[in-house]
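Have a look at these structures, which come just after this line.
One chain, chain A, appears in both complexes that follow, with chain B as partner in the first and chain C in the second.
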Partner chain A sequence: MTLRTSRSARTGQYLALLAYLVFLAFPFLWLISTAFKPPRELGSLHPTWIPENPTLDNFRQAFDEQPLLEAALNSLTAALSAALIAVVIATPMAYVMARHRNKLSAAATGWVVVSQAFPFVLVIIPLFLILKNLHLINSLAGLIMVYVVWSLPFALWMLVGYVRAVPHELEEAAAVDGASRLRTLVSVTAPLLAPGIVATALFAFITAWNEFFFALVLLKTPSMQTLPVVLTHFLGAEGVADLGPLAAAAFLATLPSLVVFVLIQKRITGGMMAGAVKA
Partner chain B sequence: MRIARLTKLAAAATALASLLLTGCSDGGGDRDTDGKVTLRFQSLAWQKESVDANKELVDEWNAAHPDVRVEYVQGSWDSVHDQLLTSFEGGEAPDIIHDASDDLADFAYGGYLADLSELLPARLKNDIPRRSWRTTTFGKGVYGVPFLQEPRVLIANEKILRASGVRIPTPEKPWTWPEFRRITKELSAGDGKRFGVAWPLKDPVSATLNLGLSAGGQLFHRDADGKVRVRFTEGDAVVPRTIHDQVDADRSASAATLGMGGSDTLPGFFGGKYAMVPLGFSYRQQIVQQAPEDFEWKVLPAPAGAGGPAQGVSPQTLSVAEDSPYKKEAVEFIDFFLQPDNMARLAKGDWMLPTGAAALKDPGLRAEKDGWATGTALAEHLVPAPAQSVRGYPEWKDKVATPAYQEFYSGAIDVEELEKRLVEDGNLVLARYQR
Partner chain C sequence: MTLETAKARSGRGPGSGRGPSSGKKSSSAGKSSSGAWFLVLPALIPILVLSVGPLLYGIALAFTDSQSGRTTPTQWTGLLNFQDLLHDTLFWESFRIGLFWAVGVTVPQFLLALGLALLLNQNLRFRWLARALAIIPWAMPEVVVGIMWRLVYNPDAGILNETVRDLGLGDGRDWLTGLATALPAVILVGIWAGMPQTTVALLAGLQNTPHELHEAAALDGAGAWRRFRTVTWPAVKPVALAITALNFIWNFNSFALVYVLTNGGPGGRTRLPMLFAYEQAFRYGQFGYAAAMGCVMVAAISVMLAFYLVGRLKGGDDR
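Entry: the complex of A and B
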């Protein structure tokens, strides 16, 4: 009886999970469907999931009308650089905050949490003025700097969790064996932290890859614009959109972050759970 | 050994970061280069024909004016206000700014836009009618050149219209509002299978106010003390009451489309669910692209009342940033860009109407095909949207008018409550801006 109840409960859980997955996947699947539909099917009163006359015209039009490849390269440069720099800065900081727990590290952790609460619109004008004084407006370097600063708090929080998950005892054992502090860090701690560092870097990459508002405001030269900004060029006034090409371009823009996320999802989950483990 | 490798790695990372911070910097801008001027022109054109027309005109200018080069920058309607505000605050705004007249008031009063009244050539001043200039005049200054506009029209399923035998309205003799209500009842096929009209009222305020001018509505009145106050007259009630009665009493208008944007109603329109849809004139492009091949459609003028076929519009504009060191050159470019032939090209690219009298004479804009002639005939009746220069209007619209109209159209409140909210609550909002 218990077994039967358990099975039916399990079936219910799986059904609920399936419904949730369908709910989550619906927009993306609809995006794919739209990307392959000709204009007349987009205006149909009874739209179909599978396009009746699938076409690649939307992709052709998207590439003809907007510099998607150039924009993708800009996005890639900004996202990769931001991820790399964020990890280089966050890793030693996270180590110190995790291993030397004092009032300062507690204050730093608090500041990290608080900094997540600032909305874009609050910081954009001061940030713009600072970057202008540094002559970093309209440059990918300025944008990269902003992305690093923007992703740093969460990256730090993730990495602190990973560092805390590395047992103290391993470092102590290395010290007993005569290893110096640096040797311990390089030979013992760093290899154990590697998955966390990769997950953090990829998180920073996805954040920067998808970011829109900073890129819109900070970059002016068309050849420097990133993919999310270029996508808005398919939108007109009052919410009117060139739906087919927009869906095609959005589908292509989603692919890299989707692939990256699929590759790292286990590590990201691990990183977050590591943050929940008491050191 | 390993530590040495780590040191090298750190050095390489630092070098890479330095490289990125220096090497990616553009260093470009609006500066003189070898004595030449570079103007940045931010355009919001987004449809292919329109973008092509914009770029071609910029290329033509650059070919003819090697000393004053114009750089084309693509902006987006979606976020233009925030983006411009940040650029103005940071002193990095484009020299020539494409926007809409209802977005200019704050920028003009804020000192971000140049007063063009002394810079504009007589040709341009005389070509564009006074009523259009009023859309970009704030106080004593002119802060933009209005160049493209669109009336709201009725786009009708021609087969349904023909089969019903109703009188087909023309720009000279449009339907009256009571006639329109009666006809939408006739065009409805009961039991909700077909509605005479589908009102896409995602943004109910501008649609109601702009069409309300035709019934003598004005809503915003400037009193002797110079202050603007809201008053709800009989004329202001005509359009809201018609829509309300179509939705809630006659069932000749779909309640489901009240929260929709214009594009969302098109599938139902193509599928014969709605006989007519009131839309902006430029929506014709989507209809041409998306309608089934055998679908017959017709552009009709919006209903008219005591005010004739008058309608409020907020034209697209070209402005010059106050911070631009090259205002004279920027206005010269605008003058070239808006030569009659060029203005007509831009209008066709955007499926809109030019404001210029000379451009309106273009034969392509007077063709019957795709309803161009109907729109062009309405051009002389387009006047500034009633509230666009009223300070505090955006807050009145968002906090007071939008929820009030939405509730009224859905039948949640009556016209007395609508009036109370628009006037009493509305005047409290406006008063804060006029102390």
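Entry: the complex of A and C
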């Protein structure tokens, strides 16, 4: 920015930025603070920001109260499988959508947009009935199938943008050099596309890891449930919750998606816009 | 229909025009149509079976008396569900709350995000920190966001009441169970949770604005507000339009946040349409009736969005 900004305006900007920082950060800091507080401090009428006697008991208790490890394993299985399958089937389709302008591509783009507008309830009832007939209720396999389809619109959206970013002149050059179609895809297009594919997979991983509604409806047995569903069990009846373990478990459940998100932050925003600008 | 045409198009001029001079068209026609189908099918089949199919099935269910765990076969009942829905005051109350929530979240969210995006677009110190923090709500599971804010709102151990007490503004209250405070409290969480996506989208839009124009306008003596109106806003407007429309849809259909925060309470004050439909379907087993609710929600959203987008696009032409 070469525009001159007056000193008072600058001060105002910093104050506004500070206000935003406080608003965005304080709930998360409070979660962490609560997670490390002993019961006596949690019952106190004058809670403090920094625990006076920080403790790890809440974490131990959280694992005792609910099958967190099992749930984390379920979440990991569901999210990893869904992300991998989604990327494997979405990449070829995105390639066709980006390189071929035909009715099929138009229809697929239309579906990507329209699928955002439908309330899940209209889809979940039929899905529930279909999966029930296939005996896939209460199984991770059923949930993974739902997650794959559910993450496809955004995956396609991002991948189409990434494919368009690969200059097709490169592919043509390879063809001129005598490379077959498959050879071109494998040794020219795929390497250039790889970072985008990884980013898309990680994003699909996060959405599946965080998902709640489908898991709530489709998984009934506690040992089959994913982390977000198990977390709600801490809330107990009538909202009377054991705050310490609740905070500890919630904090732990966030870490994986937070770490992954930091890794791909730049690519996500770039990919989102690449799809948006050109689609 | 799409099948035929797709084949016809991509099959154009097979074998021809693979030379270097053939340009764009050949690159799309270069691959045989069977190749394209081979690439598309792995994604197309799941989409048809698990998305398009269920959607149509769901719409069909709205015209039946489908219930869970029933032994008699499901029957067509025509518009009966919709007639019942018309007289269901609880549903319309929930619908009204849903609209209030969707607008109440989307509008402030947009304004706050626009402010933050404008700040982040400036050359400020600590910008990196703000960018990193602004992303946090995005990465969190919605359930965790709900839990986190329950800790903030907690009447005794929550930081909000403690701050209220410190500032001498009284004893604080039980925000999430108070009839008057529950919906605003939930809306605040909705705003917080959706800010990152909106900010990131707007920021990307801002970075597309031509920098030279900004400087030229400044040289001509245009103030900050005028520069914003004449240079910045026209450039971000398409992004702004798209993201508010999407936010509205997402917010109207949102579920997990409120499920965790209040589960629709107190006294149904925060019972969003999705929560209502979920209860009908999976607590009372009224599949047909819940599907009818879903149809009404889709129809309402489509109509409102059409008005919004048409109105906004027209407004753009006037200037």
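Methods note: the second predicted complex is superposed on the first by the 249 of 279 C-alpha atoms of A that agree within 3 Å, B and C clash if a C-alpha of one lies under 4 Å from a C-alpha of the other, contacts with A are read in each partner's own complex, and residues count from 1 in each chain.
Operating definition for what follows: contacts are C-beta pairs under 8 Å (C-beta built on N, C-alpha and C of every residue); 3 or more make two chains touch, one makes a residue touch a chain.
If you're wondering where the values come from, they're calculated on a predicted model, not measured in any experiment.
*Asks:* Based on the shared chain A superposition, would you classify chain B and chain C as clashing or fitting together?
*Replies:* Superposition check on chain A flags a clash between chain B and chain C.
*Asks:* After the superposition on A, what does A:171 contact: first (chain B), second (chain C), both or neither?
*Replies:* In the superposition, A:171 contacts chain C only.
*Asks:* After lining up the shared chain so the two structures overlap, which partner does A:250 touch, if you call chain B first and chain C second: first, second, both or neither?
*Replies:* So A:250 only meets chain C here.
*Asks:* Tell me the contact category for A:65 with respect to chain B and chain C: first, second, both or neither.
*Replies:* first
*Asks:* Of chain B and chain C, which one touches more residues of chain A?
*Replies:* The larger set of chain A residues in touch belongs to C.
*Asks:* Given the touch rule stated above, what does A:17 touch, chain B (first), chain C (second), both, or neither?
*Replies:* second
*Asks:* So in the superposed three-chain picture, is A:7 touching just chain B, just chain C, both, or none of them (first/second/both/neither)?
*Replies:* Neither partner.
*Asks:* For A:233, decide between first (touching chain B), second (touching chain C), both and neither.
*Replies:* first
*Asks:* Quick check on the superposed pair: does A:210 touch chain B, chain C, both, or neither? Answer first, second, both or neither.
*Replies:* second
*Asks:* In the superposed arrangement, which partner chain does A:146 touch: chain B (first), chain C (second), both, or neither?
*Replies:* So A:146 only meets chain C here.
*Asks:* Going by the clash criterion at the top, which of the stretches 79-87, 169-177 or 367-375 from chain B hits chain C after superposition?
*Replies:* Comparing the options 79-87, 169-177 or 367-375, the clashing one for chain B against chain C is 79-87.
*Asks:* Share the list of chain A residues that count as touching for chain B in one structure and for chain C in the other.
*Replies:* 42-47, 88, 121, 124-125, 128-129, 145, 213, 216-217, 229, 232, 234-235, 239, 241, 243
*Asks:* Help me check something: in the complex, which residues belonging to chain B touch chain A?
*Replies:* 2-3, 6, 13, 16-17, 20-29, 40, 44, 46-48, 51, 71-74, 76-79, 82-83, 86-87, 89-92, 94, 100, 202-203, 261-263, 266-268, 270-271, 273, 280, 282-283, 286, 289-293
*Asks:* State the interface residues of chain A toward chain B in the complex, per the touch definition above.
*Replies:* Where chain A meets chain B, its residues are 39-40, 42-47, 61, 64-65, 77, 81, 84-85, 88, 121, 124-125, 128-129, 132, 135-142, 144-145, 182-183, 186-187, 213, 216-217, 220-222, 224-225, 229, 232-243.
*Asks:* Can you tell me which positions in chain A touch chain C when the two form their complex?
*Replies:* 1-3, 5, 9, 13-14, 16-17, 20-21, 23-28, 30-31, 34, 42-47, 49, 88-90, 92-93, 95-96, 99-104, 107-108, 111, 115-130, 145-146, 148-149, 152, 156, 168, 171-173, 175-176, 181, 206, 209-213, 216-217, 227-229, 231-232, 234-235, 239, 241, 243, 246-247, 250, 253-254, 257-258, 260-262, 265, 269, 272-273, 276-277
*Asks:* Any idea which chain C residues touch chain A in the complex?
*Replies:* 1-3, 5-6, 9-10, 18-20, 24, 27-28, 30-31, 35-36, 38-40, 42-44, 46-47, 50-55, 57-59, 61, 112, 115-116, 119, 122-124, 126-127, 129-130, 132-145, 147-152, 154, 156-159, 162, 165, 176-177, 192, 195, 200-201, 203-204, 208, 214-215, 218, 224, 239, 242, 246, 249-250, 252-253, 255-256, 259-260, 263, 273-274, 277-278, 281-282, 287, 290-291, 293-295, 297-298, 301-302, 305
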